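Some structures are shown below for you to check.
Two complexes follow with chain A in common, the first pairing it with chain B and the second with chain C.
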Partner chain A sequence: MFQQFLVVAGLSSATYMLTALGFTLIFGIMRVVNFAHGEFLLIGAYTVFVAQHVLGLDYMIALPLAALVAGGFGILAERLLFRRFTGDEIGGMIVALALAITIKGAVTVIWGVDSQPIDRPFSGSFEIAGVFIPRDQLFAAVVALVMVVVTWWLLNHTRLGLAMRAVAQSPEVARLQGIAPWKTYPVAFAIGCALAGLAGALAAPIYGAEPNMGDAALMKAFIVVVLGGLGSIPGALIAAVLLASIEAGISILFNATIAALVSFLAVIVVLLVKPAGIMGRS
Partner chain B sequence: MRIVNIVLTILIVGLALSPFLIGERFTWHIAILIGIKALLALSLHLMLRIGQLSLAQAGFMGMGAYASALLTRDVGVPFLLGLGAAIAIPALIAWVIGAVILKVRGVHFALLTFVMGEAIVLVFVEFVFPFGGNNGLMSIPTASIFGMTLRSRESFYILVLAVVALSLLVLRIMLHGQSGHILRGLDSNEPLVQSLGIDALAWRRFVFAASAGIAGASGSLYAHYLSYISPEAFNITTTINALVMNVVGGVGAVVGPIVGAIILVPLPELFRTAIAWQQFLYGLSLILLMVFLPRGLVGLLRRLK
Partner chain C sequence: MAFIINRRTTLAALTASALAFSAGLSYAQDVLKIGALGPLTGAGAAWGLGIDGGVKIAAAEVNARGGLKVGDTTYTLEVVSYDDQYKAAEAVTAINRLMGPDDVRFVFGPIGSASLLAIKPLTEREGVLLFTGAWAADVLKDSGYIFRVGPTTQEFAPSTVAWLKETKPELKRVATIAANDETGWNSQKIQVAAYTAGGFEVVSTEFFERSQNDFRAMLTKILAQNPDTIELDTVPPRTAGLMIRQARELGYQGAFTKFGGYDVEEIVKAAGAEYAEGVVGTTMAAPATETWNRLGEEFGKLHKAEMNDYVVMYYDAANLLFSSIEKAGMLDSDAVVAALEANAPFDGSVGTLTWGGGEAYGVDHQIYRSVVMVEIQGGKGVVIGEAKLN
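Now for the complex of A and B:
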């Protein structure tokens, strides 16, 4: 049973990290709470569906395409909407909620509420030390982890990453150093949305693509970033492992709904002790 | 500004009384729904007034609905006591949990209440006893006051109007005079409020509790009107719809959410065929309003004056 726990916790940690990373990156740099983050997952998943069933592309080509399409929509959203609400937290949140129901509504109007089939690139499972590991979930987790590492490297070892971190700390000081925040914002937003699109494309073959698939992912991302501290990337990574472990443990012992309730209680407890989150700055 | 307020008030009172003139079954139905949804929008409005976006309002509405339904149906409590419990239970829970979650503000608070709203719905789904799981609760008794059963839509509408009027009165008292100044201070300059020796957290907890109580009242009326409730009626979409009403009407004035409810509630009832388009159009109009008319219709009227 313990091996089972490790496998479930490990696989879901990776996907939680990927979803929460994009969300917390956008918040950290732009101070925007992207309530439409789950809908960018949706865009990724439906891109895979269209690529496979309309364009006849292979899943391995559809996967990066999904990230690109979601990133493109991200740039559009930043340019047309979020830029207007810089510094207006409540206005930004309302417009993000509006964008979320618009995207979900558009997907429902075009493809209906039914789950769309996605061809699986991998099937079956293999056994290590008495535990069955599904191949498709392992693939999703590995790609997610690789992308988390790539994003980490991008932020910490490139000039672009340096510029983004500078804008996150202080837009005014960054401008004095010749970094234009309004050029950095769309890049950050695009990366965050592309990560979400990728997460959606990775989840699609496992769970199918349907209009409400973003909701659960958004919930997890919220819990992870509140636990870890909004805007803190190390916090998000630690909290993703924490949440995945709590959920895996309780799902095995009881069931998934109790696990969701306990993860909410964990958020309350962490806030009681440290209101800014595990790695957050108040 | 004064004239606009008077005209709006006359218009709303006129609209509120119009079902008595039209007297059609469908009009009563729409009018009752507007009242119930307006209550939820008002509860959200109260939190917006102190600068906090609470996304748990539909959850509180659900608490009220389930409390009132279970107490009247299974315990046999009179309706008015059920309504009282539907106000008191969410208010008490909000007050207790507010001690923790109101320590955070702004985006953190919005995220936390979002998660809390979902957690409340999960409780209704998971605990089949007493909440009935995904099937919800059926055959909730009709509202009755002092032995008088409000079986007709007319009489139920009068009850809804009375609850809305009472809530408006509570909001007016809270938003005017000294407490009004404190509430405005909580929105614009909390350190100043603190420096005057006012316990800001206690005030925020009080406002959160009042707002949850109003949402609970809305839930109780909803349950006894439809005589059937299920968990998905109280998820985040319901809160977002209440938010849309606030944005359409304008968040600067108490009439805002009422105007929003009057405009938005009849739409889905009138265009049932276009149900798939509904969320899309709701979202699109919310985006357009936020971009082009951020102060809502009431704000527009005031600017025209």
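Now for the complex of A and C:
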């Protein structure tokens, strides 16, 4: 059972990392708590559905397309809505919430409340020494990890990443250095939303696409990011593994309700002991 | 400017009032509002939309033949629906609006036991009739105005367990899964008692949160107990499908039963036809019959959701109510209750409806109708038998 626990926890942590990454990126650079993050996940999932069933595309093409579409919506959202709320955390949260409700409502009106069928590229599991590794979850975890590495590389080894980190540290000083924050924000937002869209596209064949799928994802992202420190990427990665392990472990030992309780208790404890999160800067 | 009262203005005022008055009188028919309350979004939406659809189809048919004749008055039926999202708090808000501003005396729904038990004190006090699908035992106990539209685990569990024992004697160890709320606690308790009495060994009883869609940790725990069969009980169909798939991917090769709320399409969509093969469940109406197809077509005009047996159950319950109101000749709650009780056996769309439940609940307000057993074969539901009711 322990080895199966490792598989369950490991595969879950990869998807948590991906979902939390976009969320913490947007906050770190724009100081916007994107409560619509779950809905960009939703956009990614439904893009896969439309790509498969309306355009007849293969899943492997639908996947990057979903990220692009979600990123595109992200740019639109940043330009039209969030631009005027950078720095205003409360205002940003409220407009994000409104956007979330609007997107979810639109999806429900267009496609209804039922879960949409997604063609699954993978089925079945690998069995290694009595431990089962579901193929679809493994694929999702691998893609998630690759994207985490790509994002890390982008932030630390490119000029764009340097610009984003500069703006995150201090927008005013960045401007003095010739970096235009209003050119960096849309890119950061687009990347954050693209990552969310990708997470949704990866989740769609495993769990189906339905209008409420963003809610639980947002909750997980929130916990991970708060635990790890708002704006800290290494923190988010560590917290993702931590949350996935707590959830899997407690669920196997007891049940999911107690697991949820413990994970929220962990949040409380961390916030009491280290309010900025495990690796956050206050 | 002072208001001048003279012959001209008085005449104008009188004419205006007369016109307004006659406009009110020339309105053809009184409207009787009927309430529908259930999960219209989220998990369980298929069932909630089934309530809404079934009642609306029945009401439209009544309106098409001229309206509901109650004594000397004929009413046009209007259905007012609210979404309780399977949550008690939302149900309370909705019922207050239904009983208050909407002035509704007859409500179809809710489905969630938590919702029902939350609104029960309010509706019982006001004498508002509820036609619920909620499965908890306490739903009907100590009530005068609550009616349950379809048999529950309490009514058919002994029969389904006996059927399983007889047709698949190799299955001995059973695990049960249910949602962590009133509905799930209740149905799982009855299932465990029925399986134990039926000679099975219950090796695992697990609860899940309705917001979950990943059950691998829970299934790892269950599979460590080596069950031969897993009872999916009142798990919503889509969630059940996910559980089936995730269990199979964890290496589970045993049987699945779903004796408590079925929807073949939803399960096959979520689990995949291959993994869903052989799953047996109970449903209140056999799929692909003439009635099913006719109601399914009407339902399709109202909602973008899959046709399911809740449409049939609530279509029948609505027709039963409308017929009883006409027989009572008045809208008074107690008179309608008496008319309902006397209106049996009633010709439902796929069979006869009678009353039962007196022994278990103290009142005969449980609709008894045939419970069909359906097995998933090749991605489609095939009727394989009928469950007998207590």
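By definition in this document, the second predicted complex is superposed on the first by the 282 of 282 C-alpha atoms of A that agree within 3 Å, B and C clash if a C-alpha of one lies under 4 Å from a C-alpha of the other, contacts with A are read in each partner's own complex, and residues count from 1 in each chain.
FYI, contacts are C-beta pairs under 8 Å (C-beta built on N, C-alpha and C of every residue); 3 or more make two chains touch, one makes a residue touch a chain.
Please read these numbers as outputs of a predicted model, since none were measured by experiment.
After alignment on the shared chain A, the placement of chain B and chain C results in a clash.
Of the two partner chains placed around the shared chain by superposition, neither chain B nor chain C is touched by A:F73.
In the superposition on chain A, contact of A:A260 is made with both chain B and chain C.
Looking at the shared chain after the overlay, A:F139 reaches neither chain B nor chain C.
Contacts of A:T108 after superposition: both chain B and chain C are touched.
In the superposition on chain A, A:F27 makes contact with chain B only, not with chain C. In the superposition on chain A, no contact is made by A:F82 with either chain B or chain C. Shared-chain residue A:G208: touches chain C; no touch with chain B.
Touch criterion not met for A:Y185: it reaches neither chain B nor chain C.
By the touch criterion defined above, A:S125 lies against chain C but remains apart from chain B after alignment on the C-alpha atoms of chain A. Taking chain A as the common frame, chain C overlaps chain B at a single listed stretch, which among 6-14, 24-32 or 114-122 is 114-122. Common to the chain B and chain C interfaces on chain A are residues 108, 112, 215, 257, 260. Residues 48, 51, 53, 97, 100-101, 103-104, 106-108, 110-112, 114-116, 118-119, 122-123, 125-126, 236-237, 240, 243, 247, 276-284, 286-287, 290-291, 294 of chain B are the ones that touch chain A when the two sit in their complex.
Residues of chain A that touch chain C in their complex: 1, 4-5, 8, 12, 108, 111-115, 117, 120, 123-125, 127, 132, 134, 207-208, 210-213, 215-216, 247-248, 251-253, 255-257, 259-260. Contact residues on chain C toward chain A in their complex (touch as defined above): 40-43, 45-46, 49, 180, 206-209, 211-218, 220-221, 224, 238, 242, 246, 249-251, 266, 269-270, 272, 274, 303-306.
Contact residues of chain A toward chain B in the complex are 27, 31, 33, 81, 84-85, 89-91, 93-95, 97-106, 108-109, 112, 215, 219, 222-223, 225-226, 230, 257-258, 260-261, 264, 267-268, 271-272, 275.
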